[in-house]
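Think of it as A, B, C, D, E, F, G, H, I and J in the order they're written, each chain with its own count starting at 1.
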Amino acid sequence: MTEPSRDLLETFDNPYSDRDYVVETVCPEFTSMCPKTGQPDFGTLTISYVADQKCYELKALKFYLQQYRNHGAFYEDVTNRILDDLVATLAPRWMSIVAEYTPRGGLSTSVTVEFEGSTDDAAD
Amino acid sequence: MTEPSRDLLETFDNPYSDRDYVVETVCPEFTSMCPKTGQPDFGTLTISYVADQKCYELKALKFYLQQYRNHGAFYEDVTNRILDDLVATLAPRWMSIVAEYTPRGGLSTSVTVEFEGSTDDAAD
Amino acid sequence: MTEPSRDLLETFDNPYSDRDYVVETVCPEFTSMCPKTGQPDFGTLTISYVADQKCYELKALKFYLQQYRNHGAFYEDVTNRILDDLVATLAPRWMSIVAEYTPRGGLSTSVTVEFEGSTDDAAD
Amino acid sequence: MTEPSRDLLETFDNPYSDRDYVVETVCPEFTSMCPKTGQPDFGTLTISYVADQKCYELKALKFYLQQYRNHGAFYEDVTNRILDDLVATLAPRWMSIVAEYTPRGGLSTSVTVEFEGSTDDAAD
Amino acid sequence: MTEPSRDLLETFDNPYSDRDYVVETVCPEFTSMCPKTGQPDFGTLTISYVADQKCYELKALKFYLQQYRNHGAFYEDVTNRILDDLVATLAPRWMSIVAEYTPRGGLSTSVTVEFEGSTDDAAD
Amino acid sequence: MTEPSRDLLETFDNPYSDRDYVVETVCPEFTSMCPKTGQPDFGTLTISYVADQKCYELKALKFYLQQYRNHGAFYEDVTNRILDDLVATLAPRWMSIVAEYTPRGGLSTSVTVEFEGSTDDAAD
Amino acid sequence: MTEPSRDLLETFDNPYSDRDYVVETVCPEFTSMCPKTGQPDFGTLTISYVADQKCYELKALKFYLQQYRNHGAFYEDVTNRILDDLVATLAPRWMSIVAEYTPRGGLSTSVTVEFEGSTDDAAD
Amino acid sequence: MTEPSRDLLETFDNPYSDRDYVVETVCPEFTSMCPKTGQPDFGTLTISYVADQKCYELKALKFYLQQYRNHGAFYEDVTNRILDDLVATLAPRWMSIVAEYTPRGGLSTSVTVEFEGSTDDAAD
Amino acid sequence: MTEPSRDLLETFDNPYSDRDYVVETVCPEFTSMCPKTGQPDFGTLTISYVADQKCYELKALKFYLQQYRNHGAFYEDVTNRILDDLVATLAPRWMSIVAEYTPRGGLSTSVTVEFEGSTDDAAD
Amino acid sequence: MTEPSRDLLETFDNPYSDRDYVVETVCPEFTSMCPKTGQPDFGTLTISYVADQKCYELKALKFYLQQYRNHGAFYEDVTNRILDDLVATLAPRWMSIVAEYTPRGGLSTSVTVEFEGSTDDAAD
């Protein structure tokens, strides 16, 4: 099985790049595999960002996320990796990802990662 | 099909222009067309603003928003455009629009835009 | 039909005037008339304040608000007017009113007004 | 503007026609036009049925329902008409449609229609 | 002040009178006066019916219900009276009204009335 | 401390005694004392009934229920007793009381009692 | 570790044994051990019954249920066993137990058991 | 890719086969593939049954359901097929499966299937 | 009837006095008497504090609050008084009390009081 | 019975130690014993932290928390102790624990503790 690749992400030009505004996408259908038990994990990803020059295209984002369906990855790894892939592709002014996983063994875990670019003077 | 025009917006004099106060209007019945697929999109707009000299008239706002019913526009475009139209018409001290769209392909997207005028010394 | 009068408001001495504390009263049964259409409007008022020397008496507040039942007034007007009446009567250290109206034509509107007195050094 | 046509509906063979089972489809994005005011109406359709020989195809159902987007029709008419179209196309053992419309003038209306075929001896 | 009159109700021909189907209208903005205390009462009316030959027109229903705004009536009276007015005007196959009033003195009261016509053989 | 007495209950003539209809009163502020521990109990009473010739007056019902404030009684006793008092006073066609008590020791208890009169032929 | 014993249950005389009424007790703090994995299970028990001559005492019921805290038992076993113990002790006219367990491995399980005595002629 | 097989299901002896009782298992993490688009579908399965001689083992049920993860199947097919597999393996007295799928194209679909065995005289 | 006394409060030594941490206790069963009408009031108290050297004992807190059961006091008075009693007994680094009362005459009132000690350098 | 030991906790290397990100684990199945009454307590723990070099392993965390099942400890003690154990084992940049216990005697209590490390310059 091949590794998930950021090459599947596609972008389009930010139509209002002179203004800081937030786009938030909620994906309640994220699933990956636990590398330890081989069992599927399920979670909801909430991706928020302030675009600089590029916005992500939603259908391509969906295909990118589906690559994790049969990919083994720990919670902490996969959330940080998705942030890295999106930041590398979009170079956003700011981005945050919250990943909330369903309970396992009576414990529910979420991971929140954030990329702080340069929103402060972005629109100047 | 003609373009949505800000000319449909109507205003009345702010009856308490010496005070900063917030008016918020929620429109859960916003709909436009996806320019790519030709399919209808649905969303809830939440418009908040601090009026300076002018307030928007609600019935005219409704007619203005209904212009998007058969108009093709991406999420990011339409939200920013409505902000531009309202700011141009009202010259408010502050305004924000949150547009929350219903899920497509398992992904739900919202767009939050903000206009920062001069609320700080507005009532001075 | 006579105008609503602030004379119906009654006060009692703030029993703990050396301390800043917040009293909040929610009135989900506020109703007035639209001056344009002659149709009734319905809303929920949330009044919050930090009393200085006087607190409002609740039964009198109820009678004061009932004066608007058959009175024509726009959302922005009536909310600001009630704030003015209460501030004039109580001289509070701080007060805020949030008026949330039920939907008309698919649009729901709320108005938030605030009076900033001198809470910072109020208890000094 | 042409009339909505049941010809857009498509069916496939019921894969388990020897068993009575219920399929329910919820469409929270239904919209039509009020023939009196020319204003858009919005509602949620819930279609439930026990198929006999044919099931509806979901994408075609979506296109069928989108025909009402710019079509003028009263609540009672449109709900009964959709039932008639689906019953004529599917000849189901049983079908029910609940249409819940958003509030207008402070009043919310729903319409519930039902087609009773022959579920009792259907699987005999 | 004049008595509420059923003459304000208007009807239109049931477009599908050969089928029993249910129309339900929710009015969360009903208000009347307590004849004992002179204080306003507030409630939510839910009217459900199976039309025979006539359906009520919604705007006229709204005006009919607004007649109670300044009319004194006990909960039990007003609910039964509205049922009587609607039954006399529509001659429905079946009708039910649920009136849920907001709390007074820590007690919340609802009244449920029903008219049973002849739904069983209605569509025969 | 005196025993709670049904003499505090007051009635008025059922204005629509030729029709079976349901009146429901919810009292979320019921409190009594545990006879074993001397500690206060708290619960919500929901009283529903079909009146025959008499309806209960709400303010008197409130005073009747307040008699239990400092009265010691087990859950099962007090619920059945209130039913007996109301049935004896109103002679209703049907009555039910649901008493839901707040948790004690991690256990929440409710008691549901019912009086079945003669609703079937009541309106004949 | 000793087996849970029904001897810890205590009863008192049903104060209204000539009337069928329902007592429901919700225990959201039930816990036992999985006999296979040795891991704790957690669930909410809802016990409902119509008493004949005896009611259970709540504090003793709590102690009876706490016996399962370190006792290994499958979901199906423990729910049926508690029903058997309560029926043997109370000889109720009717009883039902619903046990809803928290998710394990992404699956949530509940067990519903019922004892049908002789409620029909119980109060005759 | 191999077909999902009912051989992965495991059973254990019903410990209380002389009593009809209901076991319900909710699986909010069911996922399969749309055979038309190749896109993943997500849903919640609720399986309820009255066991006769055999109960399903939960961990084996989980593995059985995971077989559909990369298997293409329409909603109607997969729900009926799972019912057939479970009925063939358990020979239950009664079983029902409700499958609720997440929205696609603005439409949410659920499928409810039921197997009626012989619960009536089951415990005789 | 005697006045509520802070002497019923009991304390124990803060086991972690070198760390600022928050303890919050919610009492949904608070009740007192209206000194004007003699009618009972009901509310929910939420007490939060950062202990310095002493923590309150929960059972004693319960008995302290029960003293208000038959004690007449206005909302503003009783909330401030309880704060004063707790601050005098515990000498906390910070404390806040929110008292939310149930609706009277259609108006719901809450009172929020706060004691600001010296949390900033508390743990230094 | 032995004391709960932090030795059961296990860690793994933080895979993204150059970035501050938050991991939150919710445990709704925490239970311990009241040292005063010997009765079980139940609560929900929410543990949040910013890892420095080490992350906790979830299964080991579960076993660590299960040690409190038959261990007597007051609310304030156990929450602070768990924080101390986790901080000693992980040396996190920041950590917070919120423990919300179920109601006892009508009072619900929560305890919130926080460890402030050096998040500010952590990722520099």
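One rule holds for everything that comes next: a contact is a pair of C-beta atoms (placed from the backbone, for glycine too) under 8 Å apart; a residue touches a chain by one contact, two chains touch by 3 or more.
Not measured: the values here are computed from a predicted model.
Visitor: Name, by label, each chain that touches both members of the pair chain C and chain J.
Guide: Common contact partners of chain C and chain J, which must touch each of the two, are I.
Visitor: Counting C-beta pairs in contact, which comes out ahead: C-E or D-E?
Guide: D-E
Visitor: Which of C-I, C-E or C-D has the same interface as A-H, meaning more than half of the contact pairs match by residue number?
Guide: Overlap exceeds half of the contact pairs only for C-E.
Visitor: Could you put a whole-Å number on the gap between the CA centroids of chain D and chain J?
Guide: Roughly 52 Å, centre to centre.
Visitor: With centres defined as the mean C-alpha position, give me the chain B-chain H separation in Å.
Guide: Result: the chain centres lie 47 Å from each other.
Visitor: Find the geometric centre of each of chain E and chain H from their Cα atoms only, then give the gap between the two centres in Å, rounded to an integer.
Guide: Averaging C-alpha atoms per chain gives centres 45 Å apart.
Visitor: For chain D, which residues are shared contacts with two or more other chains?
Guide: As it turns out, chain D has residues touching two or more other chains at 28-29, 39, 42, 102, 104-106.
Visitor: Return all touching chain pairs.
Guide: The complete list of chain pairs in contact reads A-B, A-G, A-H, A-J, B-C, B-D, B-H, C-D, C-E, C-I, D-E, D-H, E-F, E-I, F-G, F-I, F-J, G-H, G-J, I-J.
Visitor: Which stretch or stretches of chain A touch chain H in the complex?
Guide: 28-29, 31, 39-40, 42, 66, 69-70, 102
Visitor: Chain F touches which residues of chain J in the complex?
Guide: On the chain J side, the touching residues are 39, 42, 102-106.
Visitor: List the residues on chain B that touch chain A in their complex, please.
Guide: Residue list for chain B touching chain A: 74-77, 79-80, 104-114.
Visitor: Show which residues of chain F lie in contact with chain E when the two form their complex.
Guide: Touching chain E: residues 14-16, 19-29, 55, 58-59, 61-62 of chain F.
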